[in-house]
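Quick heads-up: structures coming right below.
Presented sequentially are two complexes of chain A, the first with chain B as partner and the second with chain C.
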Partner chain A sequence: MSGTAHATKFLDRVDVASLPGDQEARQSALATFFSTGWPDRKHEAWHYTDLNARMRSFADEALVTRTLRPEFPSVDIPRLVFVDGVWDKNLSSDSLNFLRTRGIPEQKAGSSPIVALNAAITLDGADLKISAGQNAGTILLVSVGSADGLAIAPRHRITLEKGSNLTVIEVIRGAGRYLHVPVTEIDVRDGGTLRHFRLQEESQDSVHVATILATIGESAAYETFTLGVGASLARSEFHVTLGGSGADVQINAAQLLTGTQHGDVTTIVAHDAPGCTSRQTVKSVIDGSARGVFQGRIEVARIAQKTDGYQMNQALLLSDSAEIDSKPELEIFADDVKCSHGAAIGALDPEQIFYLRSRGVSEQEARAILIRAFLHEALEPITDDVARPLFEAAIQSWRWGASG
Partner chain B sequence: MLEIKGLRASVGAKEILTGIDLTVPDGEIHAVMGPNGAGKSTLSYILSGRDGYEVTGGAVSFDGADLLVMAPEARAAAGIFLAFQYPIELPGVGNANFIRTAVNAVRRARGETEMDTVTFLKEARNAVKALAMPDDMLKRNVNVGFSGGEKKRNEILQMTLLKPKLALLDETDSGLDIDALRIVAGGVNAARGPKFSALVITHYQRLLDYITPDRVHVLAAGRIVRSGGPELAVELEQHGYGGLEAA
Partner chain C sequence: MVAVTETLQTINQLAGTGYKFGFETDIEMDVAPKGLNEKIIRLISEKKREPDWLLEWRLKSYRAWLSMEEPAWARIVHPKIEYQELHYYAAPKGPAPKSLADVDPELLNMYDKLGIPLNERAALAGVAIDAVFDSVSVATTFRESLAKVGVIFCSMSEAVREHPELVRRFLGSVVPAGDNYYAALNSAVFSDGSFVFVPRGVRCPMELSTYFRINARNTGQFERTLIIAEEGASVSYLEGCTAPMRDENQLHAAVVELVALDEASIKYSTVQNWYPGDAQGNGGIYNFVTKRGACRGRKSKISWTQVETGSAITWKYPSCILQGEGAVGEFYSVAVTNHFQQADTGTKMIHLAPNTTSTILSKGISAGRSSNTYRGLVRIMPRAANARNFTQCDSLLIGNHCGAHTVPYIESRNQSSKIEHEATTSKISDDQLFYCRSRGLSEEDSVGLIVNGFCRDVLKELPMEFAVEAQKLLAVSLEGSVG
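Now for the complex of A and B:
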């Protein structure tokens, strides 16, 4: 079946005409989505991630909702909770003042069929605005998926006015066979700093395709880290535009994949102003017959002199059938730039394993110690007191050695 | 007690050990000396259970058990410790955590209770001081950025804390200056006692100036060609290995 045919069947149950907001915009976004349907290997941006193949099993999924009692990290910070893409008042903190997007996306759908799908069917989302100069502390943004056969499409918007600060910790969990396609629009204006930590622990039966659309102003910074352990197929796609001089972005990610999981980190960083820096490090631990993907694209405009761009892809392959695909792309139109990329892919070092075993450590524990050591470096830059322990706990409880 | 009988071993098609007979009773320190390529490191790796060597004949028992069928971690639990000639770096693994994990793995395997962090750190800090190691040695990643001498001292630190029954010191003296040599030898001498034995594998006599062996064995072309008391090491230093092999 073609990507469009699957999509029609799966989305038949969504009555777009009954959704609130600008109907014309929704219908136009829906048409954009249906012009491709679920992207497959024929789409260049999806060459290594065949979403259409994974969605095949979703086509006939009956819609089943379940009542979940979501567990939250027990941290004492204000939280916003979205269940199946809709704000849940009872589960969220009272103290927080924020608006809701209520299904009205601001950004154009662009060329991504998934962003278009989100625009067509989104119901809700957080709209966080931090006023100039404000230090807004930390917010926990929780997403819970709880229904089989559902397409969950929150649209969040985070705007930091000049010189303001915010830390957002996103925790993404769920149970069931659902599709989660969150889109987050980020606007960090001059001198602002947004730290955005994402812990993706989706249901192992779900499909997760997140898109982050960010614009970073002069001397502003966007620092993001994603740890992905869940979902049958997961893709985190970052589109970051460095639009003011001296803007800085750090996109770091780690993914732990096993069984037949597929994990994709895709970044497009556009240096559109001079003197900006971008740093990306993606680390994958891949076991079983799982597959990891890192596509990193750095675009340097003619005006963007003194650009400093760096990306690194490191993967640890724990089995013979594990796979990583790495696609760095540099597109440079300025002449005074420093851009580099690297990849390091390998297995665990038998010498290191023997060293540990010769000290009395079992082979299994030796492997776990070395994998954690590999990931430790990814967590090192995270100094946030709340985010760091959440990530450490998720790594600690990963299914170590689920397949040899 | 370690008993090696007629041990033969190959790497690929090449026979490295051609029939070793060697017994190290409890409480004794034996030196194995020999020229490069004699099979010294092969012997230490086979005793500690490293992959890549094929035992083609003979037997090795440790306290009566067949050592050659045991996994490396089981040998460590039984009390064997190999001080590596080239200690391995473990980026991202803290030294204190590494050693404590090892100590507790061995204690668990022996049916002993695990050591708590406070007790361990106290012991570890004392051992670090005794080995004249920098204070941050426990905080750094295992052997990462260590000088050659620091790596060797770190091996002796692990030995001190793991309290093995039999230590295999593989060229522990190589790359050490005279002060470091004294400190490392001090670590081994401190472990001496009726329940501790060691096989000191070395090319040179100079480590034996500080660790007096009970017996000295000469390994050449994969077998022990001569054994004697500590005076044999002095003789070797004066006349070299050439004369002995000819004899």
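Now for the complex of A and C:
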């Protein structure tokens, strides 16, 4: 069956006409989505991630109902909780002052069918606006998927006015077999700094396709780290545009995959202004018969002279049936630039394991130490005191060799 | 397509009273009507007195081609190619220049810069054959000494007639009839090309070059080359030459197949300097080539080296299929684009067997308003334990109106394999230029020197005499790109 056929079956459960907001916009977004349906390998942007194949089970298999309310990380910061894509007043801190997107996307879908799908069915999302010069501290943004058969599509919007600061720690959890397609629109204006930490611990039965659409202004900075351990299929797709001179972007990510998981980190960093810097480090640890994907593109426009772009992706294969596919691209139209990318794929070094074993460390522990060391480079830039322990704990509890 | 129009005009002039379908013998070669259909393919096959199995193979390829679509994934832009407007059998030739005095002065100027001997210039410029220096005897001598050690080096047509069992066994075994759009087209209508067979244990005593093969001239736009090295054999093959060749066909779709058996080694070097179009981007050759080598045997080795400076469009991915345990694949490439040239080139390394290794070294230089893309695939299959790949892709941009792109695909399905990939993009630094200029070099010479340094790792893989020529060629290709 084609991607469109599966999509129809899946979306039969969503009555788009009954959703609030601009019906016309929803229908046009839906049409955009249906022009491709669930993307598969024929779409170059999805060359290594066949979402259509994975969605087949969502459309065909009988649904099992199972409701579970996951726990939140116990950290003492204001938190916003979205359950199944809708703001939950009772679970959220009441001290927070924010708006809700209520199903009204601002950014256009572009060519992504998943962003279009989100626009068609989104109900809610946080709309955070930080006024000029304000240091807004740290916010915990929690997404919970709670039941089988749901299509969860929050649309969050984060706007930082000139010279403001914000740290967002996003924790994504759930139980059940659901589809989660969050879209986050980010606008960091001149001189602003947004730190965006994402911990994706979705239910092992879910499909998670997150899209981050970010524009970074003059001398502004966007720093993001994603750790992915959950979902049967997960994809984090970053579209970051450096729109003002001197903008600085850091996109780091790590994914830990086991069983039959499929994890995809896709980044498109567009240098549209001169003198900008971008840094990317993406690490994949792959066990079982899991499959990891990295696609990263640095685009340098003609005007973007003095660009400094760097991208590194590394993968560690822990089993004979693990697979990594990597596609690091450079697209350069300006001559006075410094751009490079590197990729390295390999296994744990037996000599390093031997070194540790000979010092009395168990095999299991030796491997854990080396895996942690491998991830270090991507974790290093996280200086936030709240975020860092969350990630450390998630890595600590990740069990390679488990049949997820 | 300019060349086609010119060709048609020529035919009309020659035919006097308008062009009728059918064969004309009053011009230099037989002419088939334009367009492509099964009748034309039967005709090509018949004219070449080919056996039935080859005709069947051509027809099969043609039918596969019909069901295929022109690929659109490469980063190239060109007007739609009208395949039914082309001639597929011996496209009629325009009048050859009678002497060097009739040859385009631009071309002569270039020969001068490349330091090509006077007597060879005529041959390259396509001056009528009887005016050309005595290359026939040279070629014959070579063929005799090759025959002594059992190396077969002849045209594909000759091979089909004289060694049908070899051709039948290997033709299409690396690039199957329906492999891709352009390869299918080539398989249906291929004109001629080289055939090399190096028997077991023989080290080919000399570098084989199309240049020395008498019937190499006018192998046409659909060249087909097949090189086989048996167990323990080794051969080095040179294709093309640094001098720009006069060519009337705008579309080229060649196929090259290499087969290396146990411990055999094949080195295939190309210098491609076909007409790139003028400085305004008019004309130029469209070059869609499928080159692939199969390392079938244990510890076999295939090495591709290419210097690509010509053609308006280059679409070319010389690949290695590493099937034998411990097989080695190498790809060394320099691609230069200037003015409005477009190159989308790279390689594929498919690791199927344990302990296979591959090395990719690619240097792209873009200048003017050109576009230069490296596109490559490294794939490690589950059986390829301890496979190893190293890739280095560097791009150099000269000027602010060109583009340099890198699109590598890296796929690993074996944990014991190691893959490393590095890519960089930069420009010629002002410091480097200043250093050269302060020592009295002109700006153009400085750029030439720096670019040669940038390409050194690849150029040193070329056979010596080729390397010297290639260095000059790089400098000439980049003329007018600075200052």
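Simple rule for what comes next: the second predicted complex is superposed on the first by the 391 of 404 C-alpha atoms of A that agree within 3 Å, B and C clash if a C-alpha of one lies under 4 Å from a C-alpha of the other, contacts with A are read in each partner's own complex, and residues count from 1 in each chain.
Basically, a contact is a pair of C-beta atoms (placed from the backbone, for glycine too) under 8 Å apart; a residue touches a chain by one contact, two chains touch by 3 or more.
Only a predicted model underlies this, so the values are computations on that prediction, with no experimental measurement involved.
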Dominant contact partner of chain A by residue count, chain C or chain B: C
Now for A:E237: first (chain B), second (chain C), both, or neither, which partner does it touch? neither
Which partner does A:E363 contact after superposing on A: first (chain B), second (chain C), both, neither? first
Could you look at A:A373 and tell me whether it touches chain B, chain C, both or neither (first, second, both, neither)? first
May I ask you to decide whether A:D124 touches chain B, chain C, both, or neither, giving the answer as first, second, both or neither? neither
Just to be sure I read the superposition right, which of the two partners does A:Y355 touch: chain B = first, chain C = second, or both, or neither? first
For chain A, what residues appear in both contact lists, the one with chain B and the one with chain C? none
Residues on chain A engaged by chain C in the complex (per definition of touch): 44, 47, 302, 305, 315, 317-347
Chain A to chain B touching residues, read off their complex: 350-352, 354-363, 365, 369-370, 372-377
Give every residue of chain C touching chain A within the complex, in rising order. 73, 382, 395, 397-427
Sort out for me which residues of chain B touch chain A in the complex. 48-51, 71-73, 75-77, 81-82, 84, 87-88, 90-93, 98-99, 101-103, 105-106, 109, 158, 162
